[in-house]
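Pasting a structure here, questions to come.
Chain IDs A, B, C and D follow the sequence of writing; residue 1 opens each chain.
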């Protein structure tokens, strides 16, 4: 805050100077020229000001400009295979520090050096995050640019190390500037506005976010927790304005929503740390809490069921069952008691199988399952009609799942999961699995 | 602060858990085993706690243990030349992203990954800085360990990017915890205690330091500034408890001391940024300041003179002059007016030549000169008996030099210096140069 | 914040102790008994805990209980006329410090001592403010209780001295806890919710509030300011989401809303200080601002017009004019161009006369006029259809007035106003006055 | 901080304005004229600026000027006995609110109004505290000025209500600005400098101070606490740099020094609240602490012994004992084992009697005893040679006393002490009392 203002004023002074000095030469430099200057300059003597110019120049780029910029980065700043080959031979022969150093320099892409230099500008970190945000949008169409993404992921993983992140509790004392971002970033159960938000920050709720010192007003990821009695089976109950029980009666913390805020940090995993830090924080604060579990969506379930109906790969469905399931194309099926009664056992069975058996590279296909199971959580319970919102019905026929975070087994679970892909699952859900 | 306490409590909970889990296996793991666990674990599931154990284990190592630890890091965690050679061939042939990615992974030393993992522990950043501190102490005796230092420098340069540093003004409102570190870290003109410190934080003085968010109570580098009328020629005047003039009369800011605080960050250059940010900060705050200059020691001068007397490489000294200079071995020579009078012109001439001509790799031998000239400053003036302390007399026969920071020419100077090693120097000092 | 938590925990410890000690005696004390204890105790030894009990006990009182409580305060804690009479004789005879001291003690009502003791409890200040809030509600029905109000006003004026108030700028960085209070307390131009609030905190708006250290989350009074070009003539323009001009073009700061937040502090005048501090603050921050003026409602105008129609005391209305004005009882009159055209000159003339001539005790009847004129502002301009909201039409036929805060004449104006009730008024408005 | 800067800038703008306005009249006003202006002005319209002028004017007064100022305050601003007498008659007859209000106004001294107005200036509160500081210095010579002091005490007691004070823990994280004041204000056991201070802020020590929001950098009163095992019997042990035991072993908190910082607040009792709040705070923080006691000086003991020797009022000394005691005039008597052995029983007996019996107005003559016993503490133990510093020997032949703060009995003790002057004392010390 104070910091930012100050850096900005410094950068402004620097920029002015830069402008003066350039007056004698040519009026403006393209972002490509700026990048070259910055790298040549080695970040010394007004490096901050040059970096600031790139930040400003980048903000003014159109989508087409950005594509050109990325292609330039690919062409001009990719390590040279010939040189690397020579240097790796040298290293193989000499096995010396010097040989390795030269090789290592040659292999590290100049883009990384460039991004590190940009990071010296006042809002440099945000700019690099934004660059990745923009890159991700076009990666499908220009897969060759993935090399640039590799560089960005490498750098951002180092900069956004959990050791540099600050866990902050978010509550009604938090600034509106940050709170409105929660409303915007909430990705699981939409908030309709300030009233919705306020409910989620009540005395029987908790919200925690990670922040990075270089992005002081930007949550990186946040988790919403409900303090309740018994493990929740319905998200609508959690979101409702129910009457609060006295704090002493709570015995369970339900993690009902985790949202990543910065698309530019996609794939850099903080959720894992966030959940465990919050579990430990709540343990310290409230000894009466005995259970830590999620109430999670199953975003891939319905699509998987549909593909089973079509292809029946797993041969899990009888023809009658397939027919039955087609009834569910009607949006309001769950209001019809008869259909509901006949489908419930089938859908729960399918869901258990989906979570347990549907895998890719030996890991669950369902992204939320993959995330929690990889963290060492276990599958605890399926909740029929746990989310009757349009989104919930659409994703998973309204089924929600509780993943259990039992700190005593979490490491063991995680190890088995990582080593042989085995999933920890409660007896009750296991009964549903074929 | 709040952050640290909290992370510590989380880490403690994690550590306890780790201990419980390990009870069933074997009681304690060596630091080597911990490192292996941490890398295999990929930082997920209790990674923070494992990292904390390494931090704790490292603190308990003896000097011999540390040496073994470093040797283990060298042997087990150095990139494999054979594999690199293969992968670089693959990249040369395929020129694919995938091939490069594999090569890049192979070239990045596993030590870097390990240090990044350690950084997730509560005091992980401090630990990595300490590891380098310990490593530097033995590098002369075990030069093969320089490969480890390369990894550390690479990581620390990225983490301690100026974009992550916070400039803070230090004054009498600062906590004693930080102030006492200034007394301890002051490396140029020793502070004898709190009274000395207080003088340097008076209303006509300024002090600025860089801080890193992960080391909130540790200054990284700090600079001391005197606000004066006219460019100072004596450090004793600056350090004296003189009567302060009214703020409006100041026209000059003298940077009279710059101290790096963390030996573990040696060679990672912040001073450059610090000085320029402080110049811009003072420009914003006090429009009446017209000159920015240092009053700097010349630490290598006397030794250079002595080697000239012995070897006379530059053939700069007549035999009479050499004889004259031998008089200065007497410690109190400067109290003898006659000697002083006869030596002054000679020493000033020698000093100008030392600063201007004594170079290595086309850069000034004198480290302070190299630093400021590389930043784009110029040599402004030599000050006879500018520092009559024992240290000043010992280093440079009491001569001090002003380097001038003129923001209008600083980039130009820097460019010439970097490109062709040319040094900007005032006419008056140039007259003294052969 | 930190303070409050801490005081609360201390008070809780104290309360527990108090409960233990009382267990042996009788179970609970009435608020009357608690007050007696507190006064007898002289605030020493657990005074804070006793005060906390009164705070708690007061919160539990019903409206009837509160009335009894006030009546008890009146009967038991009113100074004794007989004793005072004796002591004033003594003072008259002796003219001694001692005699005066005793008299002074006798005249100071024991209620004041009691309230001062209550103020030692954690939320004591808030409680005393609340007591007055409750008292004000029943004062009309129980005018004898005004003696208690006199005591409260005396104390609160001393505690809420401008010297103890802190001016804070309110913006989007402020906590939601405080921001939602602005929405609730806004008394002039209603805010419909967070969107409305946000507009009022935009970059071309300013909001400042006074806070008291003992009520850290409670604004005492706040003012909303619009930065505009030229003096505003329409509140709807100010509240609209217009496009912002660049900051440099602003030349005027319009104070368009001032709201007192604590009814318990009614009649204790901060607005005066708030406006002047904000003027000086803006002068420091933005030298381009040349004019400081309000855009103010005229709450008493329409009622005054109606009474003129009925009684015609000032003989200001011709029969035709009275007839004309009756057309305005139709709510939508201002949509009828003909009526509007014919009424405008008459209403503006009446309004100027109302502001200038309608006085009570030699001060303007209109409360907003009284406030600003007494502060030293002048009447600058009447704005036809300046507020076409239902409220604006209802209060003043939509007319708004600008009061001008010219720091160069504000003292002079204030002095004339206080001494002989004279009102400073612009030539243009003066022309409208009979 | 931020607040202060801001208020200052506002006051400066105001002052400038005031100067401009006055230019046309006469150049400067005396402090007397300023006071008159301020009162007449009723604090509105630039009241803050006028108050600031008085603050500035007061700072420039010489000692003689101040005396004149006080005499002016006495003559011009003392309530009028005649008027009071009339108004009290009116009140006696009418018993009306209005009559009481007028009487009450007449009795409240105009000085109080004036001081309240001065309090609106930026450093107004500090100025009023300073005024009392200056007044106290001359009160002995000009006892008639005590009427002014009565006014100041009345106001300051209200402003410095415990409800407005903030308890802060002082440690090595505190700013040097505040820490150096502890060194200066320590009144019981002198600190020789920063090293001494640091010992008192170690991990086995605690320090707490009260602050007032209007004097943010000025501690009002502070207490130093030692965490130890068993009740301490020697102040030299506490002040020594002994090795710290682990925190878990502590069972006792010893209050070994309480210092009031502002002489201008003399006689306004915070110590009572400070001790109890600190006891409760430590109870919350460290459940292992079982005992809370002081290690206190007995400042009046030696003088009392001397007067007993001379007058033998209590007939407590035999002629032999009197002779024996005369040996103690030798400064180094306590190094002589023989003398020490023979005197110890006698001195302890005398000391117990001094504390228990030597009373004035039914309260202990010893000021420290009076303070703690009035707070509800009890006399626990006498410590022979508990303070062998020159000051300790001089005050009380080196004897120190522990007062015990047992929260379970503190109210009871306090009540007995206040009601019938009875002192709670341990059996062991009681045995020594005649």
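In the analysis below, a contact is a pair of C-beta atoms (placed from the backbone, for glycine too) under 8 Å apart; a residue touches a chain by one contact, two chains touch by 3 or more.
Because the structure is predicted, anything quoted here is derived from the model rather than measured.
S.K.: Between subunit C and subunit D, which partner chains are common?
M.R.: Of all the chains present, none is in contact with both subunit C and subunit D.
S.K.: Let me have the rounded angstrom distance from the C-alpha centre of subunit A over to the C-alpha centre of subunit B, please.
M.R.: The separation of the two C-alpha centroids amounts to 37 Å.
S.K.: Distance between subunit B and subunit C based on Cα centroids, please, to the nearest Å.
M.R.: Inter-chain centre distance comes to 58 Å.
S.K.: Hey, how far is the Cα centre of subunit A from the one of subunit C, in Å?
M.R.: 49
S.K.: Scan subunit A for residues touching two or more other chains and write them down.
M.R.: none
S.K.: What chain-chain pairs meet the touch criterion?
M.R.: Pairwise, the chains that meet the contact rule are A-B, A-C, B-D, C-D.
S.K.: Name, in rising order, each residue of subunit B that touches subunit D in their complex.
M.R.: Of all residues in subunit B, those touching subunit D are 1, 172-177, 179, 193-194, 198.
S.K.: State the interface residues of subunit B toward subunit A in the complex, per the touch definition above.
M.R.: 3, 6-7, 9-10, 13-14, 17-18, 20-21, 42, 44-48, 79, 81-82, 84-85, 88-89, 91-92, 95, 97, 100-101, 103-104, 107-109, 116, 119-122, 124-125, 144, 146-147, 150, 155, 157-159, 161-164, 166-167, 213-214, 269, 272-273, 276-277, 280-281, 283-284, 374-376, 407-408, 410-412, 414-415, 418
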